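Take a look at the structures listed below.
Both complexes below contain chain A, partnered by chain B and then by chain C.
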Partner chain A sequence: MSAVQAATPFETVRTPDPANRPIKVHTAKVKVTYGQKEALHGVSIDIAEKAVTAFIGPSGCGKSTFLRCINRMNDTIAGARVEGKITLDEQDIYDPDLDVVELRARVGMVFQKPNPFPKSIFDNVAYGPRIHGLARSKADLEEIVVTSLQKASLFNEVKDRLSEPGTSLSGGQQQRLCIARAIAVSPEVILMDEPCSALDPIATAKVEELIDELRANFTIVIVTHSMQQAARVSQRTAFFHLGHLIEEGPTDHVFTNPLEQRTQDYITGRFG
Partner chain B sequence: MTEAASHLPASRLGGSDIRTISKVDVGLKRRYAAERRFRAFGLAAVTIAICFLAVLFGSIIGRGYTAFQQTRITMMVDFDAGIIAPDGDRTSAAVMSGDSFRFDDLIAASLQRTLELDPNDEDGLYDGLDLLSKGSAPLLRTMIAKDPSLIGTKRTVDFYATGDVDAFVKGSIRADIPESQRLIKDKHIALIDRLEKEKALHLAFNTGLFTNGASTRPEMAGVGVALVGSLYMMLVVLALSLPLGVAGSIYLEEFAPKNRWTDVIEVNINNLAAVPSIVYGLLGLAVFINFAHLPRSASLVGGLVLTLTTLPTIIIATRAALKAVPPSIREAGLGVGASKMQTVFHHVLPLAMPGVLTGTIIGLAHALGETAPLLMIGMKAFIVDYPTTPFDPATALPTQIYMWATEPERAFSERTSAAIIVLLVFLLAMNSIAIVLRRAFERRW
Partner chain C sequence: MGPLWLLALIAGLSFFGFVLGHWKSVVLSGKARGALAARPGYYGAYVLIWTAIPALLILVALSVGRPFLIEHTVRVNLPAQVLTNAQQLSLEVSGVEQVAAGLKLVTPEELEDIRIGVVAARSVFARHGLPLGEDVKPYQLMAAGTLNLVSDGLDTAIDAAVVAALAFGLIFAFVRVKPRLRARNLVENTILALMIAASSVAILTTVGIVLSLLFQALQFFSMVSPANFYLGTVWDPRFAAAGSTESGQFGFLPLFWGTLYISFFAMLVAVPIGLYSAIYMAEYAGSKVRSTAKPLIEILAGIPTIVYGFFALTTVGPLIRDYVALPLGLGTSGNNVLTAGLVMGIMIIPYVSSLSDDIITAVPRSLRDGSLALGATRSETTRLVILPAALPGVVGAVLLAMSRAIGETMIVVLAAGVAARASLNPFEEMTTITVKIVNQLTGDLEFTSPQTLVAFALGLTLFVITLGLNVLALTIVRKYREQYE
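Moving on, here comes the complex of A and B:
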C-alpha cells in the first residue's frame, strides 16, 4: 500500500440507481498489481443489468485494467495479479472451479482497435459459435451469423460479400463486425474498451446508436475518453482517477451535479 | 529558400543577412552531398557484390558446363548367342554369371568391325580399346541381363569414351603439346578423327552424371547416389525439425512462463545457432553412431545431425514470426472464449506461417549445403549402389563435391563444377519455393 493512499483514506461517492435495475456484476475491493506496481487500489462497484455503464477518467487511471478483470483478460498478462471479489450473477468469477473459457463466452469484449480475424466476414462471426458448438447444423450457424450481423447493424452493408476478408471493411464496419462477433456467442455482458477511439465521427455515431440498441438485451460496460459519448450512450457513469473509483452514479447526475471536486474538475476539463 | 530567408529581419537571423544565408546554403549543399555519397557507396557495394557473384557463377559454369555433355562411341554390336550364352541358357541370371571376358570379346568384335581391322591386328585393336571406357563390358553385361531378348540380334550401342578421350574431344587436352606430355597419343588422335568423321564418335547429353554412383573411372561417375542421399537427409530433417522446431517455438513463445529458466533456454538456443557445424558432427558421431549404434555413413544419421544444426534456425525464425503476429489477434481469440491452444492454432500460427515456412526452407537450404558434420559421420565413402532406405550407406551432394575436388583428372574437375551447379540449382529452387510460399500465405492477411 502506497504512502499516498495511506495518507488519504478513500471512500467512493455513490448515488443510487433511481431505476433500481438488478445487479449483473458485483465487484468488491478489486486490486490489480502489475509486478510491483499497484494499478487499482480497491474498486467496488455494482454494474446494473441491461444498461450501459461508462467508465471515464484520465488516461492511465486504470479503466482498462478494471474492465479486463471482468472477463479475466488480465490472466493473460504475465505479472498481473488480481485481488478482491468479482461476481457475475452472484457467481465468483475468480473461483478456481470456474472455467475461464466459459466466462469469456458469457462476457464478451470489444477492443480499442478493431481486430477482426484475417478470415472472411462470415468466418469472423461464425468462429465463436463454432468453437463453442452453439450451432447444430450449417443452417443454424448461418442463422446465428445473419442475426448477429443484423443486431450489429452491419448486415445490410455486407450481405453480398460475406466471403470477403473481414479486414477489407472500413474501420467503422470492422468495429461493428467485432461487435457482431462478440454478440454471436450470446454473451450476457459486453465489455467495450474505447470502441470508437479509432473511428471517424460518422462511424462513431453508428456504433453509439448500436450500443443504445444493444442495451435492451445486454449489459454493457464501455470505457471512453469522450465525455460527450459517455453522456450520450450511458445510463450510469463511473469516474476513475489514479487507480481509485472516485464517484459513480446515474449519468445525468454525474455530469450535471457531481458530488466530488475531482469529478467536477475532470468533466469541466480542468485536467485529463 | 534564399528569398524567404532574406525577408526575415536581420535580428532573427542573428547577424548580417548575407553571411547567414550563405551558411544555410552551405549546410544544405553538404546535406545533399552526404546523401549523394551515401547512395554512391550503396550502389558501389551492390555493384561489387554482383560482380563477385558473376565471377563466381561464371567460373563455375564455365568449368562445369562441359560435364553435362559426354563423348560417346556408337558401335554396331552383334549380340552373338554363341558367345553370350554358350550353353543355351538365356536368362538374366545366366548372363550375370560365368566368364566376364566374353563381353570384352563382344566389344572387341564390334570394334574390329567398326574400324574394319584385320582380325590379326592386335595393336590396332588395343589402340581402339584404349578409347573405350573400361566400364564398357560390365555396362554391356547389365544391359543384356536387363533385356535378354537382345541375345541373337544386332544393335547399335552407345559406349562411353574414356575420360581422357572426352577431355580431348572437348578441347581441354590440346593436340599441340608434345606427345610425350600428352595423355592422348597421336595414334589415338588419328582414331578419334576417323571415328568422328564416320559419325561414330559424338557428344551426347550426360545422363550418367545424374544417375551413376561413385566410380574410379571419371566417365562413369555421377551424383546419383549423392542426390538420393541428400534427398533422404532432407526428408529426415524436414520430418523432424519442422514439427519439433515449431512445437518448441510455440511453447516457448506462447505458453512458457517468462522467467529465468526460459531466458536461459532462449540464450542457449541463440548460442546453438552459432555453434560450428563440425561440433554437431562430433556430437552425432558420439551419440548416434558410437552410442546408439546407428549405421555409419547412413543418410538417417546425416539427417539426424543436420536436424540438430537446423533446429535453432527454425526455432529462431518461428519465434520471430510468432512475435510479429499482433497481440490484438490473440486478444480477439481469447475475447470470444477460445482457449489459448485454439487461439494459437486457429489464428496466430496461420499468420506466422509465411515466416515459419521461409525459416524452414532457408534452414533446409543450409542443411543441404552442410559438409563438415557429414564428413565426421563418414558420409564420404565410395558408394556405387543406390541406397534403398535411409539406413543404407550414402553420400551427399556437398561431400561428393569434396571428394571429387581432390581428384586430379580433368573429367573429375569438370564434374566437381557440375555437381556445384546441381547443388546451386537446388538451393535456388528451394529459395524460390520459399518466396512463392511466402507470397501465397501473405495474401490471406
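Moving on, here comes the complex of A and C:
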C-alpha cells in the first residue's frame, strides 16, 4: 500500500477507520481514459464492508467514473480504458478470467435517473433472479420479489398492483423499485450514482432512510452532490477533485475537521 | 404576352417591389434602431407579397378558366343540328380548334381566297404543315374565326388584368410601408398559407385518386356483382370483342391468395434477416462498422425492382427449379412463388432493418445500463429489455414493409409469372393483384368494358388493404410509443 502511494505523484490525505471494518473493495492507482482524455489520475481507496461510503466533489471530478469502474460499467462505453487494480474480496475484477456478468451480479448499481424497465413491477424485480436462475419455483420467485420490495420499503405501497407497469409509479417509488431490483439478485455491493438527484425532498428522505437500513446487509457506495446527504447517510466520505482523490476518512471527521484546504473550501461552499 | 412572359414580369416586378420596400423602410427609419416594427427585409417581403400573390392568383384563375370560355364560344357558334348530337359535339369542338389554329398560319391573301371559296381550306392548311381529317365546313370556318377573336381578346384581358394587379399591389403596398406597419405578421401569415396550400395539394391528390378509383370501380360493380368478384375462385376475364356480352369470370380470390402467399415468403426472408441485422447494427456493431454497413444495406432499397426481376428470372428462378423443385418433383417452372418471395424479401430487408435500427437505437441508454448492471449479458438485455421496448416500432416497420411487398409488381411479373392460380405448392406459377392490374390495362380495349374496369376494382381493393395495414402500423406505434418515456 505504501509502495503504491509513494509511486503516486499525488498524495491522498487519509484518516483511518476508527471502527476498523473489514475491507470489501480495494483499489490501487486506478486511471481511466476516455479516448485521449484522462478522467481519473490514479485513485487508491479502500471501501469498508457493510458501511456507506460517500463520494463527493464538484461536477466532472471523476467520482461517477470511478464508481462505474467498480462494476466495470465503463466497459460499455466505447473508447474508455481503465488501468490500475481493483479487487473485490481480494479478487481482481479486471482479471481476464473473471466473468463480468457474474461481477455485476455481485456489484449492483442504482442510477441517477430511475430507469425501471417497461414491464410490470413484479417483472422488474424478477428480472435479475430470472436471468441468474436464483429461483427454483414460481413460489420461490414470488418470495424473492416480495422480500426485495419489502427491503426497499416499497412493498406496502405496491402490493395491490404488482402487475402494473413499473413506469406508472412516481419518481421516488421508481427509484426504490430500481433499488429493489438491484437487491433481488443479492449483491454484496450496491453502487448508487446520485440516486436522489431526480427526486423531491420527501422521496429523497425515504431513499436515504432506506440506504441507512440497507447498510446492515450490503456494502454501499454512493455518489452525491448533496453534502447534507453525504453527512446524513454515510460513515466514510471521499472527496474527489479534478480526477484526484483529495481526502478520505470518517464522515464526521471530513465534514467537521477536514485536513485538506480544498476539502474545507468545497464543503463550506467556497467552490463547486 | 404569353404566360411565360407574364411570369417573368411578375418575378421582375416582385423583386423590384422587394428592393423598393426595403429601401423605403430603411429611409423611413433614418438608421435609428427600434424605429421600425420589423427589420427592413420584412418590408421588402411585404411589398413583394402584395405584388406577386394577387397577380399570380389572377393569372392562374384566368388561365384555368380560359379553355372553358373558349369552348363555350365555339358551342354558341355551332349550328343547332351539331349541338343536339352529344357524341359528335366534342369532335366538332376540337375540329373547330384545329381550324382556328390553321387560320392563324395562313397569309391574308390565302384567307381571302378561302373565304370566297376559290381554294379549299384543307389544302391551304396542309401546305402550312397542318393536315386535317376532312374538308372544312363553312360553319366551322365561322366558328373558328370567332374563336380566334375571343381567344385574342382573352389573352389581352389576361395581360391587362395581371399588369393591373401587379401595379395595384406594388403601389398599394409601397404606400402602406410605414415604420409601425407589422410587416412580419403578413410575411408569417403568407408562409403559413403557403404551407397549408402545400399540404392540401397532397391531401387533395389522395382524395382525387381515391374518387377516380371509386367511380370506375362502382361502374365495374354495376356489371359484375361484388359477391362474384370477391368470392369468385376463377380468374378468367376473356378479352371478348367490343360489344360482346360474354365477359368471363372475375374471381378475386386467386389473385388475393397469390399476393398473400408471395408476401408471406417475402416476409419470411425479410423479417428475420432485417431484424437481426438491425439488432447487430444498433447493439453490437462499433460506430465504424455501423457507418459503413448501414448505407450498404440501404443500397438494397435503391436498386430498381426491375433489376431484382432480372435477378429472379435468370438466377434465382432456375436455381430453385433445378435444385429444389425438380428433384422434389414439385414443379417444372422457373417462375414460381418461392422465387418471387425470396427476391422480394431481399428487396424489403432495408425497410425492416433501417427502421428497426432507428427504433432500437432510440430506446434509452438507461434501460440498457439498468439491465447490464444487473448482470445480464448483451443478448439477454436485447431480448428481454430492448426488443420489448422497441416492439411497437418494430411491428410498425414490419407492417410498412409488408404493404410494400403487397404493392410490388415488377418482381412478380418476372419471377412468379402471370397465371392466376390458388395453390399451396410454392413451386407453381401464381400472380398478384398488381400484376393483373397491369395486364388488364395494357390491352387494346375500351375503357368501358368490365375487362378494363376490373383493374379499378382491384386497385381500390389493394388500396384499402395497404391503407388498412398502414393505419394498423401507425396505431400500434402510437399506442405503445410512450411506454418507456
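By definition in this document, the second predicted complex is superposed on the first by the 263 of 272 C-alpha atoms of A that agree within 3 Å, B and C clash if a C-alpha of one lies under 4 Å from a C-alpha of the other, contacts with A are read in each partner's own complex, and residues count from 1 in each chain.
The rule we apply is simple: a residue touches a chain if its C-beta (ideal position, glycine included) is under 8 Å from a C-beta of that chain, and two chains touch if they have at least 3 such contacts.
All values derive from a computational prediction rather than experimental measurement.
Undergrad: Putting chain B and chain C onto chain A via the overlay, clash or fit?
TA: Superposition check on chain A flags a clash between chain B and chain C.
Undergrad: Mind working out whether A:Thr167 is in touch with chain B, chain C, both or neither, as first, second, both or neither?
TA: both
Undergrad: Identify the partner contact of A:Lys29: answer first if only chain B is touched, second if only chain C is, both if each is, neither if none is.
TA: neither
Undergrad: Could you tell me if A:Glu102 is touching chain B, chain C, both of them or neither one (first, second, both, neither)?
TA: A:Glu102 sits against chain B and chain C alike.
Undergrad: Touching A:Lys159, do we find chain B (first), chain C (second), both, or neither?
TA: neither
Undergrad: Just name the clashing stretch of chain B against chain C, choosing from 4-12, 40-48, 76-84 or 112-120.
TA: The listed stretch with clashing C-alpha atoms is 40-48.
Undergrad: After overlaying the two complexes on chain A, where does the chain B footprint on chain A coincide with the chain C footprint?
TA: 71, 73, 76, 78, 101-105, 108-109, 111, 113, 115-118, 127-128, 131-132, 165, 167, 178, 181-182, 185
Undergrad: Across the complex, what residues on chain A touch chain C?
TA: Against chain C, chain A makes touches at 71, 73, 76, 78, 101-105, 108-109, 111, 113, 115-119, 127-128, 131-132, 165, 167, 178, 181-182, 185.
Undergrad: Give the list of chain B residues in touch with chain A in this complex.
TA: By the definition above, chain B touches chain A via 257-258, 326, 328-340, 342, 346-347, 350-351, 444-445.
Undergrad: In their shared complex, at which residues does chain C touch chain A?
TA: For this pair, the touching residues of chain C are 286-287, 364, 366-377, 380, 384-385, 388-389, 483-484.
Undergrad: In the complex formed with chain B, which residues of chain A make contact?
TA: 71, 73, 76, 78, 101-105, 108-111, 113, 115-118, 127-128, 131-132, 165, 167, 178, 181-182, 184-185
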